[in-house]
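I have a structure I would like to understand better, so I am pasting it below and will then ask my questions one at a time.
Chains: A, B, C and D, in written order; residue numbering restarts at 1 for each.
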């Protein structure tokens, strides 16, 4: 039903997820507000540039008017994106690729967000403890960044690698020490597929049963609920601190119930909205809507708390700490604001 | 009998290794945990095995599991009480099987192609139905389902209100189904017919067996069991994503069937074998994480173990059946 | 001949739909884009098809593609010049095929099991080799490779220094390989042997054919082509991840083969059919993005299209060959 | 005799549960035709497979021109000039006739490239087909579309193309008709002239009598005796084979024609995939209707169509006066029709399954109760039938594929007779069955006829046709060429109709060869 003269904006993500459904809602709203056509694609295969690139190439061939992409492997994709940016207005969102000639980046800094998770861990267990990190894949750029962020924060140094050792209370348990924390198996546990998340968490937790000061971190949206469920099925959720990432429905529910301590959230709705808004305006010759500074991530806890300001290489950020009800209400409002 | 010795040996070895790997590994709660997953695997493995015995193959299993889970969730969100939703979802399974069976027998399409298309189609259906489903979302809309859902969950997956796993309900369910299927396979005419069809459908036809009808029957059973597994998945797991729910399970199911003594040439396989074959992977995965192996090593270890297992199996079979 | 009419019709329909979908879709540069992907698909499809013709199956293709791509990258990072790295990677492919073939022929294991284990094992190897590989990373370590790599890339995937696609090199490569394979299949004794083995290996053995050696040969060819596809993948794409690179490609390859007229019962299939079969999916995917379909609809659309295609195919075949 | 071309001595072969060969020896000279006869399961095929390098012997030696040889595989045996026509067809049915003729030994150029010389193979292929009497246009056809008889001719042509020094024919004529058989004799004769040694296995003793210089008889895997020249007499062979005299070969109590009521009647019957002209015929209760025809005459297809395998096109079929409609063999079976198919391996049996499995398959409805199959009853029942038909197997659990050809055939009988059909269609009923068993089967048929069963016997075995039929319908290219009553019934008459009118120019089988009981009714004794 698209007419050739209408402006068309393409948004391509790095995988299929609820996170992106929220983003799509934002993008759709912007498309409505600024009267443009939207093509929103979630590549079938998660975090695979060889699936993502053909989609973008096809758009370029169609003479689309603007592309927003969640970069999977910045270092490697830069070259191709640079070439594409010469033909089509391009912005990166959710995951950046500097030097790709993109007009702007809309999103948080995953590494910084990871550090935020680390700070939450430290706050929850000031005396340190045993920590297990669960993640979909450590191969993807955002996965790497988040994990490293957490570990650096715990270790209190950049590019921390930790030290290989046996767990003081459990000689049979190999760990790496980061600051006061012992990382189970010395690495973030990859599930590579949401279906394995719960069983994996379940068997890892089983080995930690009985240890004091337990903390589990889930860095992909689906990880925290999986961890909680596993903990419950082994009745360990009482003695386990769970900290999550992203605004998975179950995670928010659990925070409200006090079963998950906190989660660090991005703003997918804004990613979508601002990407399309910016590109639509740019296509009409107005580059004012291009976003300058990174969108701050936020922390969601049961009752919220004071904002915190931190200094990053990019400058100082103020990070909001929202109570879960407010956050959820905002989220619903955002999604509801999209006309069907 | 010798057909199952190999996989039996493999299982024993794996359990031994597991129990030795870590004091808490042998504890009841862990074994129950494994058994529960084995139960769900086992159900789809039996489905796959039946199709394979009758000389076919079903690649749509994984997508059907996912689609059924999503459908189950969506139905409850839509206000259908849990029990009703379960039944409707199982009905969906029956229809999928009927579709596969009809396409294969009436239009004479290759099972591999038909079910591969099914794999895409039902994945697509799942995604059209919704994004992520979960019990909490359903209860969000319909708090009144809470009790019913809790009971269904307790009965089918053995988890209580707090979500603690009390008993391996899914494994018991597997044993129940396996017994029924085993009876059909080994004690009734239908079983004989399926084997005959798998070996030589021409001879079966000349013997007056309604080949097509029986072919359809096994596909229906297979998809039905897949749908059941989908229901269990949603009851067991915190949530199911329509794009990844059950992804790739068809391979695990077929693997279990083949490990259990089925031959993809058709006509081979026993109910006991199916159950044993299905039990392998969950133990193996549990063992691997109990040994605290690095994530990157795991696939290789799993692959090699399975390979050794099949070698052992073939070796035993050869010893007991020297063929010229 | 009639075996390929169906898929030919499907292809024509798809291209027509594509060109009508959008004025710029029919433009050369887009068609070249598609052709390039079809080329890579085609190579693994031919590999899969050969194995299927000889009565086997290879599920390790996807993992081998990924593993080869990673190996290729790692070798260059390790200081092996591009051309040398390519050759070593292809050598790796040969070894994989040899391993599969020996396990299947000498230990008499089921191809499905062996290659399924391979699927795990080579994925594992890839992950042990490294996380993510890319030309950029290799060049960081060894800037001196820049020229050589650029040339290799231009020759094999037809992209210039800026990454602009100049000509469909991968498709030309496919045509080259398809021609060679087609010649072997249809014009030499070896081809005849593969068909005979696939349909009735006993007859082949009685005819004095060295069945095992030929079985091994097709597995070697298949893995070799998969490794080649892996090389192309890394040359064509910005980067390859060891855990997802090539994931699931075996299904696409087999799908292409079967669409192209191969029967999993073995002994059927033509070189032309393989190429046509492999061309379907990339056009379909390109069409889908040109029509700007919602992501959630895509799997269903793909599945239904393929199903219609196979129905059409079977219908034509039936019309031309009324069988009892 | 100078050093024989082929000499095997003391061959022993033990299979699990079966001692197939127990010290068998034989010799063949160049240009000699040696017939090997024996009951089903005597070990003939096993011996031949050992000679041809398919199995290794447990004991014993094989000498070729005096040199001891050990063949690891068929290829080596072929290289040494030994070729084997298998009892069971072994063709790559997905390939063309021509491809099969040259499979493994294609004419190629370009050295290791093995590029096919298609035209050259076409010429030689055509010549080979003419030699065995198969229309040349079959060359390009996929083998799966050929009738069993045609396939067998392809096997023969294939073996001929080998230019072997020792040619082994394991029941080459089991589904050939008189005409093709005669042609085969000519071929064998010319091979003789060319100094080829021929090992000829058959259960059709008349054939043996016609073409063999010498006969070696096997019994229970041992040499049971040898006959040469004039001693090669039907009854002598039988005596050596079964170790006793067989009283009757064709124990047929022929009834006066048109006595029983018509049970099965086709009128103007046509089926899909069949010939265009309709077929009409009737089979009466208690009679044996013989059906003759050349290879490819369309008899099997007609039978299959009536049995519901092939969709019907037009005409009417009556069973016991009731119009019959069926879509599937199960309808036919329900109506009381049973078919003993010609192609045992593909249609008759599930070879991979056990003997008992096959026996039970069509009878499970009777063998099961509310709680499924009554296992104990089933096993007893299976044992009964194995004994009743004297099926030679270690147990009911033996894999069917491992039984000898004839014993496999008996299983097919068992599975159908147990159903007590009203119409029994037998397509090549004694294909690969030994004389003893033949006599049993004929007795069985007579008994069934006595019980009022209508038997429709498709046969390519002239003796059998003449000996068993009350009437013979002859088919030619898919149409009924004519019908012969017992009075008119003679080999010449049959051949005349079968070949479509033109007078058959084939030397008749010497009368003494065919069993004496060939004369109607008169029970024969030797």
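Note that contacts are C-beta pairs under 8 Å (C-beta built on N, C-alpha and C of every residue); 3 or more make two chains touch, one makes a residue touch a chain.
For each chain, UniProt lists the protein as follows: B, C = ABC transporter permease; D = Sugar ABC transporter ATP-binding protein.
This is a predicted model, so every value here is computed, not measured.
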Comparing A-B with C-D, the busier interface by C-beta pairs is A-B
Report, in whole Å, the distance between the mean C-alpha point of chain B and the mean C-alpha point of chain C.
-> 29
Express in whole angstrom the distance between the two chain centres, defined as the mean CA positions of chain B and chain D.
-> 46
Inter-centroid spacing, chain B versus chain A (mean Cα positions, whole Å) | 33
Give me the residues of chain B that touch two or more other chains.
-> 127, 295
Residues of chain D touching at least two other chains | 309
Junction residues of chain A - those touching two or more other chains = 16, 42, 44, 138, 190, 192
What chain-chain pairs meet the touch criterion?
-> A-B, A-C, B-C, B-D, C-D
Okay, in this complex, where on chain B does chain D touch?
-> 183, 187-189, 192-193, 195-196, 199-200, 202-210, 267, 322, 324
Would you mind writing out the residues of chain C in touch with chain B in their complex?
-> 57, 59, 103, 107-110, 112-114, 116-125, 127-128, 242, 251, 254-255, 258-259, 263-264, 295-304, 306-307, 310-311, 314, 318
Write out the stretch or stretches of chain B touching chain A in their complex.
-> 22, 24-25, 27, 29-30, 33, 37, 127, 131-132, 134, 136-137, 159, 162-165, 236-239, 241, 243-249, 282, 285-286, 289-290, 292-295
Contact set on chain A toward chain C in their complex | 2, 4, 8, 16, 37, 39-42, 44-50, 53-55, 57-59, 61-63, 72-73, 75-80, 83, 137-140, 190, 192
Residues of chain D touching chain B in the complex = 15-16, 55, 307, 309, 328-330, 332-334, 339, 341, 346-353, 357, 360-362, 364-365, 368, 371-373, 375, 415
